[in-house]
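Quick heads-up: structures coming right below.
Below, chain A partners chain B and then partners chain C, in two separate complexes.
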Partner chain A sequence: MKTLIIISHPEILDSATQSFLKATQKSFDNVTWHSLEVDYDNDLNKLDIEYEKQLLKENDRIIFQFPLYWYSAPASLKKWQDEVLTRTFTYKEDEGLLKGKELGIVTSIGNSLDHFQAGGFENFSLSEILIPYQALAKRAGMMFMKPLIIDQFIYMNEETKYNLYISYQKYISTKQDMNFTEKTNWLIDQLTNHYDLNNNDIIDQLKINKDDLDDLKMQINLMRQDEEG
Partner chain B sequence: MNHEDWAIKKIDEKLSQPISFKEKAILFETKNVIKEQFKRIDQSEAELDGRSWTPNKW
Partner chain C sequence: MKTLIIISHPEILDSATQSFLKATQKSFDNVTWHSLEVDYDNDLNKLDIEYEKQLLKENDRIIFQFPLYWYSAPASLKKWQDEVLTRTFTYKEDEGLLKGKELGIVTSIGNSLDHFQAGGFENFSLSEILIPYQALAKRAGMMFMKPLIIDQFIYMNEETKYNLYISYQKYISTKQDMNFTEKTNWLIDQLTNHYDLNNNDIIDQLKINKDDLDDLKMQINLMRQDEEG
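And then the complex of A and B:
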């Protein structure tokens, strides 16, 4: 699977969140980091529409990554959408060149996530605020991914940053909504093939537990079937 | 020491060594997954036990 991350952020070079995410995606070969402001030198009038369309065609998962400005993306992403996503290219009933691809959203917010709910300080959920992107995905025949929300990055402690590091890696490189067995397999693969921590005993324990759990699940299923006749 | 305590102790030992951010992150994830595995094993064993002791089968 190939992933394209399109970043819209007017102050990207000063953003701690974006620097963190950039460092996180670095070890992935199949991920393209495409910052609109950096790649077009802060001048979106230079937007190369054919190049952008080619990038979209070459990738399977498209991620819009931005800080939430007034409940939407910064202007550069809107301009990009207006100019690149032409009707014929995008509509699933026409050429529909995005059909079957995934659309993900990674957005950072400056206040707490629990403000974004009915009765909360903002009163609207992020699922509601991000509806225009869901509508775009639907029109283009794309699968809309559950957004990855990064709230108050500057106040995160180390452990929360470790979680974000792993969540972001999964968001850009694995299938969505993995079940627990799949998450365990992903972890075993990472530890075995991408890290040199000399921890075979831990990997063995993960594998033993996984087999034990599979075995228990099978026994429980057999008993359920037996009980249900 | 049971298997869970042993595994967590092993991971904590690694975490106390001078390792990179990336390595710490994967070790924290490993710790979370191992804890969840042992929790699910306990729950599944309890469910199996409960189903085996159904009075209907006595």
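And then the complex of A and C:
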């Protein structure tokens, strides 16, 4: 699976969240980072529509990554949508070329996620606020992924940041709805190959847990066969 | 009441809907039409933020008028939002200057309105799709007006267009939730002052209806007084 991350952030070079997410970049060969502001030098009038379409064609998972500005993406991503996602390229019923791909959203909010609900300070949920993207996915015949919301990054402690790091890596690189064994294998692989942690206690423990679980599964299967036989 | 209409439409000069709406312009002294693309010569990098803020301060009803592109306004209006609506200018809790004003939306869609519901071709209602604007109104302490949706303008017959014309005039110029007498007075005033229809049958009929209703109201009031006395 190949992933394209389209980043829209007018102040990307000053963003702690974006720097943090970008640090994952070294771990993946099949992920393309594409920052609209950086790659077009803050002038979206230079947008190369054919190049953008080519990028979309070459990837299976498309992720929009942005800070939430007035309850949607910054203007640069909207300009990208308005100009790149032409009718014949996009509409499912016109044999658009995005059909069957996945659309993910990674968005950061300055407020607590808790504010985003009926009666809360913001009164609307992120599921409601992001409906225009879900509607776009539907129109294009794409699978809409559960958005990854990053709230109040600047107040996160190390443990929360570590969890975010793992969640983000999974979001951009693994298939959706992995089962437990797949998740464990993925985690062992990530820790082994990208963190030089071969002799680490965490990995050892994960491997032991996994072996125990595999044993249990095998025993359950044997018992079932006995019953059925 | 003073109204500011902020129009965002990348192809405004070719738009039949926008030309039609613009024809109302002559009828109003207290309405300002402000087309982002025309007034900034298609280059929103020239946005004059102080001028925009001044316009907002001077008006009581702010209307965003645009064709729905990917389930929200075109990129120009988003850029306007991102740059003009700064935190201290806008946030209710920071004593923003939009508090108490009204926010209206006039949007045109190419599809039938009937497609916009659960299970329909678009699967989401316009109420859901426009939530980001409702959330903005809430954050700014503005009253969110029921949006005026214009669907499939090019297929409208003359009568439907006439009704749209009246609805639009009311949307931009009258207070919300008028009672019947207020609506009738407004309609007589519009027809008399802006259409040279002084001897017209419609106006005569409206005036007769109104007099009949006034009589009925007075009689009901007298009966009530009798009962209470």
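We take it that the second predicted complex is superposed on the first by the 198 of 229 C-alpha atoms of A that agree within 3 Å, B and C clash if a C-alpha of one lies under 4 Å from a C-alpha of the other, contacts with A are read in each partner's own complex, and residues count from 1 in each chain.
Rule of thumb we're sticking to: a contact is a pair of C-beta atoms (placed from the backbone, for glycine too) under 8 Å apart; a residue touches a chain by one contact, two chains touch by 3 or more.
Because the structure is a prediction, the values reported are computed rather than measured.
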Chain B versus chain C as contact partner of A:209, first or second or both or neither: first
First (chain B), second (chain C), both or neither touched by A:221: neither
First (chain B), second (chain C), both or neither touched by A:10: second
Which of chain B and chain C A:180 touches, first, second, both or neither: first
Touched partner set for A:112, first chain B, second chain C, both or neither: neither
Which of chain B and chain C A:122 touches, first, second, both or neither: second
Touched partner set for A:88, first chain B, second chain C, both or neither: neither
Contacting residues of chain A [partner chain B, same complex]: 27, 158-159, 161-163, 165-166, 180, 183-184, 187, 190-191, 195, 197, 199, 201-202, 205-206, 209-210, 212-213, 216-217, 219-220, 223-224, 227
Of chain B, residues touching chain A in the complex: 3, 7, 10-11, 14, 19, 21-30, 33-34, 36-38, 40-41, 44-45, 47-48, 51-52, 54
Footprint of chain A on chain C - complex, ascending: 10, 43-45, 69-76, 78-79, 81-82, 85, 122-124, 128-129, 131-136, 138-139
